[in-house]
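Chain IDs A, B, C, D and E follow the sequence of writing; residue 1 opens each chain.
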Amino acid sequence: MSEFLQSLIRGLGTGSIYALLALGFVIIYKSTRVISFAQPAFMLAGAVLVSYLAAEVGFFVAVPVAAVLIAVLALGVERTVLRPMIGKPVFVVAIITIGVDVVVRVVTNAFIGLDVRQVGDPWGLDTVALLGVEVQERYLVMFLTTAVVVAVLFAFFRFSRVGLAMRAVAYDQEVAMAQGISVGSVFALSWAIAGGLAALAGVFVATGAGVDQQLWIIALKALPAIILGGLDSLGGAVAGGLAVGVVESLVGTYQGDVAPWLGPNFALVAPYALMLVVLLVRPYGLFGSKEVERL
Amino acid sequence: RGGDGAAPAEGKGGVKVDFGVTSEACPQTGHSDRGCIYLGSISDLTEGPFKTLAVPITDAQKAFWKRVNDQGGIGGYDVDVTSYVKDNKYNPQIHNQVYQEIKGKILALAQTLGSPTTAAILPDLENTQMVSVPASWTSLWGHEEVVLESGTNYCLESMNSVDYAVEKLGVKSVMAVHLPGDYGDDAAAGAKIAAEKRGATFSSVVTQTGQDNQGGAIDAIVSGKPDLVILTTGPTDAAVIIGQTAARGYKGKFIGTSPTWNPGLLKSPAAPAIKALYFQSAPWKAWATDTPGHKAMRDALPSVTPNDGYTAGWVWSYPLKAALEKAVANKDLTRAGLLNAVRQLDKVDYEGMLPSGAGKFSGSPNDGVVRQSLIYKPDDAAPTGVTLVEDFFVGSTAKDYKFEKPCYQ
Amino acid sequence: MNVLEVEDVALAFSGVKAVDGVSFTVGAGELFAIIGPNGAGKTSIFNVLSGVYRPQQGSVRFQGQEILGMRPHRIAALGVARTFQNIELFAHLTVVDNLMLGRHNHMRYGALSAFAWLGRAKREELANRQAVEDVIDFLELEQWRRLPVGLLPYGVQKRVELGRALAMEPRVLLLDEPVAGMNVEETEDMARFVLDVRDELGIAMVMVEHDMGLVMELADRVMVLDFGKPIRTGTPAEVQRDPDVVRAYLGEQHKTVGGAA
Amino acid sequence: MKGLKGRPELYTSYAQDMAFLNTRPKRAWTGALVVFALLMPFAVTDDLLMLLATGFVAAIGAIGLNIVTGYAGQVSLGHAFFLAIGAYTGAALSGDPDGRVLGFGITSLPVWLLASGLVAALFGVIVAPLAVRLRGLYLAIVTLGLVFLGEHVFREWDSLTGGPGVGRPAAVPEVFGVRLDRPSEFFTGPQQLYLLMFVLLVIFGVLARNLVRSRIGRAFAAVRDRDLAAAVIGVDLTKYKVLAFAISSFYAGVAGALLFVVNGFFDPGSFNLLLSVQYIAMVLIGGAGTISGAVMGALFITLLPRITRELPAVLPFISTDATGVITVFQVEAVLYGLLIVVFLIVEPRGLFGIWVRVRNYWRTWPFSY
Amino acid sequence: MTGVILFASPTPTPEAPVLEANNLEVVYDDVMLVLRGVSLRIPEGRIVALLGANGAGKTTLLRAFSGLLDVHDGKVTRGSVTLDGNPIHRSSPARIAGLGVKQALEGRRILAELTVEENLRIGGHARPRALKQNLERMYELFPRLKERRRQSAGYLSGGEQQMLSIGRALMSEPRYLLLDEPSLGLAPLMVQQIRDLIVKINEQGTTVLLVEQNATMALSIADHGYVLETGKVVMDKPAVALLADEDVREFYLGLRAEGTTSSFRDVKHYKRRKRWLS
């Protein structure tokens, strides 16, 4: 039982990282219909930035500063690379974001250097006892931070006109413009938020062992998460992210005993298997909105 | 056109040459009176998983051959290792492509990094008699004539590690946690042989690189509770595994191979666990050691952050230098001539960096293979983060082991 | 014999009754019009006829065969063709290709034959191309032939859509607002084509349209729908005098139209 | 038509209009290209030939992806998976029966090539029902899931794949008892492989071109542009989506089996997200929905790394030093990304778009506005 | 609100509230010249009708007013668009909408995945304060939309979508409303209601530019009318004058010279000829 609980909590912890990442993807998707493959690079850049800043100003200052700086970086990318592509086919734009990812990542790599870099977080691998199980503090922090971020985002989209405007922009940019919505600002805003979220997620990923050049790969975990949750649903991103984390963790804990023939490391692809099954039943994920069509 | 059928020609000083040797001077060495031997390097320089090792390896080789040139070159030739350096991104296909690009212009490969990548060009290396220096320590190379391996391999190194742990740490159960492929599998194979010989229980877990991919390995260690884990992963993987298992109450020991280590880990949250539980095995001594070879290396690389990638790149270069010298002495600096020279190498002068007797390429693999390795442990004060605990030794398993085929296929 | 027999069809979307107990028949060569306020369920009836919507109750017989529950492409293959309220052409394809798609079910050759482009594939393509050219002739589309339809003027696109439906050689043709958004000139052209289709090809037609001039002049019979229910079916003259129809649909300011009727 | 230069071609029959190469310039261009390609082996070095041969194979794969994505509109990020199926089928069938990994010793290229295509097509048919249910990016990412699941299987199944970090030899290119990868009396291995791949590309290109102008190709386009309307005019959506996946996967299987022949060796890590993305990029950069675009895109993407490797040499301000803060290799990697970005921003319709532009320019010359 | 109102002065002072196109030339994709020097005035408080065949450039002109040419790769290459004398053809659509110029796009352009109410709220983006009140107003105008308020707009019938599109345009209480074929696909009764609605909002202070194929309806409420043919203004007259014009009667109203409606059955028996093109 405590094995199960521990596994579950670990899953929720890493799941909350995936949720942050997934939120970034979803926010960009909601306003542009594009999956931005540049998110992994922003995540890596965020973690690297904190590893430099933390030494100067301390972790708790470094994180928000880095999030803002990465948001600005994302803004810059949006401005120079994505803005000219407004109205162009989304798959072309998606490939462009891959190009951006390569560029940002290679440049960031140059700053990682040979040694693994540390972000200087105060939690390390310390644990606390919670409900009788040992839980790593950093997982608690991740979970709580994600909860706060999600709450803020929800409130923002609920109480500002921006949320609806984003969706309008996503579905029909010309219509949105005609209503007086500035498509450019909406794009910029979504890229900036997504960049900030990616940076935050990057820091959390790095708290365990540090930043190396492979860190970005984790961002791909957001893909099954957003599909599970539904591409355009913020709530879905959170649910999907947590589900991916938990599935990964539980499969890792039990599959070796239950179904060893699936091979070690099946846990890593289990989210994709789950995604396949869920999509067969719900073609738009758990909370995604259905494409509306009639003749 | 196409093809590459350069006919042997007469080079400087009556030496027979074909590929990658010119009587014009090297573009960068500034010795206009000498000819030039071009060597290629194919390494993981930007995006691949071994970049952090590959870059210092490549740098060290550059420094090594510069020193050779400064000391008078090789029989009237300078050696150029900078004109044909290529990035393989640790991808076999790219590796082959860039190899094809440069192969007509070089005499030998000063570096071919990685095993699947090198495997992609191995038939071609054999067909064209292209002598090459690997950047990996797998036991397969001991059986490939054209590949000049230095020091012991993962397999024998891990045997020694298990022997050491059984003797000095009283270990009774061993688990190999490793990346798939020649690197991890080779080490696991060695660990298994030693564990069985020593009557310890053995188990093996394959893991994949990436910090978030270590859950399975961590679960396996925590639930299996082996006394010793032989770790062959990348550095951050290792940090995650050691840190998390320790956090979950694991108290056994870890011994990792050289690519598993990075001094940066001592600053990670896992550092306390690492200091308490981790040992590092090595095929040769660390950066700061006091041998003529080490000293020459440090002099040649005055302003770098110490890293044992440099040491590796430097050590690996000695046999090629010896072979070139022998080939020039034989007046045959063709590819065939160079391979012939390799076949005549009884020993290589590693300037003290490897035990004497190392570098025997003339006999059978079982004769030539180096069996000594060392054990280090983490130490904040040491330049590359580790300090010696056991000097060159050969465990009883490795000593008796008949090295007749690669440990892992 | 009736080409189409619709009996007591009812269709609801989560509570909204789009079609509510609709019955009608269309005779051979007849031009039957359906009119009614916006959202009355006219297009929904078309969608039922062509298999896009599954009604909760009722029956639809086409040439005596029950087609309710069949998938759209099966119904199309039987000979039910239609045009759409919002043009549904394949914008990137040329006029010829759009019309050739109309002949999709008149060709039978499969993928292997297509790869080789020999024998059967080639023969069938040529024969059907000829048929398409006939339609192009009939609708005077020559000058647009090789242009992607997305580039054509709105009125021409509507005509191409009619052409695609005709290329299917249907037994019954469903026209959803064929002249909406057209100017006077284009409306006249379209009216002429519709008449030609009836007179020269003898295809039965069901037409939904808000242009009362057109409906009153062309239709043989008219059914008026309101909130999914038929409120009156009869000749154009009868229908436009019906007070219910005037109240629900035409409006008091409406002048009786259609001198010929 | 004498003396009517510049006038649009006149057709005297529909057959002529519908012919494979229906205009004179098209025939002339195609002829010239083929001759040029056939002369290539006598003009360039082996390493370039190998690269071009790889490009031709990639082109076959890209044509396949273009069929399902560019023509039938089903965006698939799963192409790497189907390439892998083909690669392993071909390699296993033709592999050494006594070797380290699975092999059946059937070295005849036509046999294993066809088998690779068919096995991949079979998987395509199995996967296709997903496409019937899913749309747009959902389909794209779910097919991406296939790549991850496939990668897992290929890593684990090391008796077939050799395992990651080890790999296995690729399929053996033997045609009528002759090993084409080994030098013969007249040609080097790369020259032979180049010609082989070129011939295969021409064959598969022509077949695909025929397909897309047939009723099947039109049905694909209809499904892509508006599937509801397609159904109402008589196109069986399920059937054509399945068919599109099957044909596309067949091409992928063929390409996969050939892809590593030039290289001789491959690793299960090769079939990853990146590979799928590269194929999508080929289709988009070439111009979705055209066969020649797919070929151009494939050659572009295959040659791009080589181009970026050559570029620093001509850009004097970049040091060619292998080490340092920003190395020439990082510059190469950045250039690779940048070229793709800049290219697509400047010409979102791809290489084919550029070609159309050039053609239109000359067609209306000297009256270009 | 019918009747003729002739413009008091043909060249008003630049500060007079008016939306104007001055000798406007518009090119698409750098090659397609679509407007060839169009001048058109929409003085505040009026209803101006714009007639023209398909492809004449009516929608293009509206786009030039609302700043939406960019989206279609269109450019103003000569002339200007001015609002109260200030040039706006280089301003962003968002800014122009902020100034109170609003185009109801051709073809309904409903956001299918959003609900009916969300579509309306998007329409009120530029006027967040009066949102509630405007919503109520629209529901009053179109009870049908109120019934369907929570439904995805894409499932509405064609005519319902048309209502939604008009309602969305009205949500921001624009100063200048540019309507592109509002009666398309509407039932006769509904056309009358839309007509009355236009008159009503005009009385409440909204200036309207009305593009219509239904010329009868448009000219019956407009003060002034323009006829556009292949990118040029060929007629520019008070609405009553247009109604009396022979060509307009034949080509836009479908009336024979004698004043009777022509029958579709003998369309092919007479030849159309546009006198103004001679």
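By definition in this document, contacts are C-beta pairs under 8 Å (C-beta built on N, C-alpha and C of every residue); 3 or more make two chains touch, one makes a residue touch a chain.
Everything numeric here is computed off the predicted structure, so don't read it as measured data.
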Which other chains touch chain B while also touching chain D? A
What is the shortest path, in steps, from chain B to chain C when you may only step between chains that touch? 2
Pair with more cross-chain C-beta pairs in contact, given C-E and A-C: C-E
Cα centre of chain A to Cα centre of chain D, whole Å, reads 32
How many Å are there between the centre of chain A and the centre of chain B, using C-alpha atoms for each centre? 38
Just how far, in Å, is the C-alpha centre of chain E from the one of chain A? 45
Residue list for chain E, restricted to those that touch at least two other chains: 155
Multi-chain contacts only, two chains or more: what residues does chain A have there? 106, 109, 264-265, 268, 291, 293-295
Residues of chain D that touch at least two other chains are 155, 228-229, 232, 330, 333
What part of chain E is in contact with chain C in the complex they form? 53-55, 107, 144, 148, 151, 155-160, 162-163, 181, 184-192, 213, 215, 251-254, 260-265, 267-268, 272
Considering only the defined contacts, which chain D positions touch chain C in the complex? 14-15, 18, 20, 207, 210-211, 213-219, 221-222, 225-226, 228-237, 243, 247, 289
Quick one: in the complex, what on chain B touches chain A? 46-47, 49, 51-52, 55-56, 205-213, 215-216, 219-220, 234-237, 239-240, 243-244, 246-248, 262-265, 267-270, 273, 305, 307, 309
Residue ranges of chain C in contact with chain D within the complex: 50-52, 71-73, 76-77, 81-82, 84, 88-93, 97, 100-102, 104-105, 107, 109-111, 114-117, 121, 124-126, 129-130, 133, 164-165, 168
For the complex, give me every residue of chain E touching chain A. 66-68, 71, 92-94, 97-98, 102-105, 109, 111-114, 118, 121-123, 125-126, 128, 152-155, 168, 172
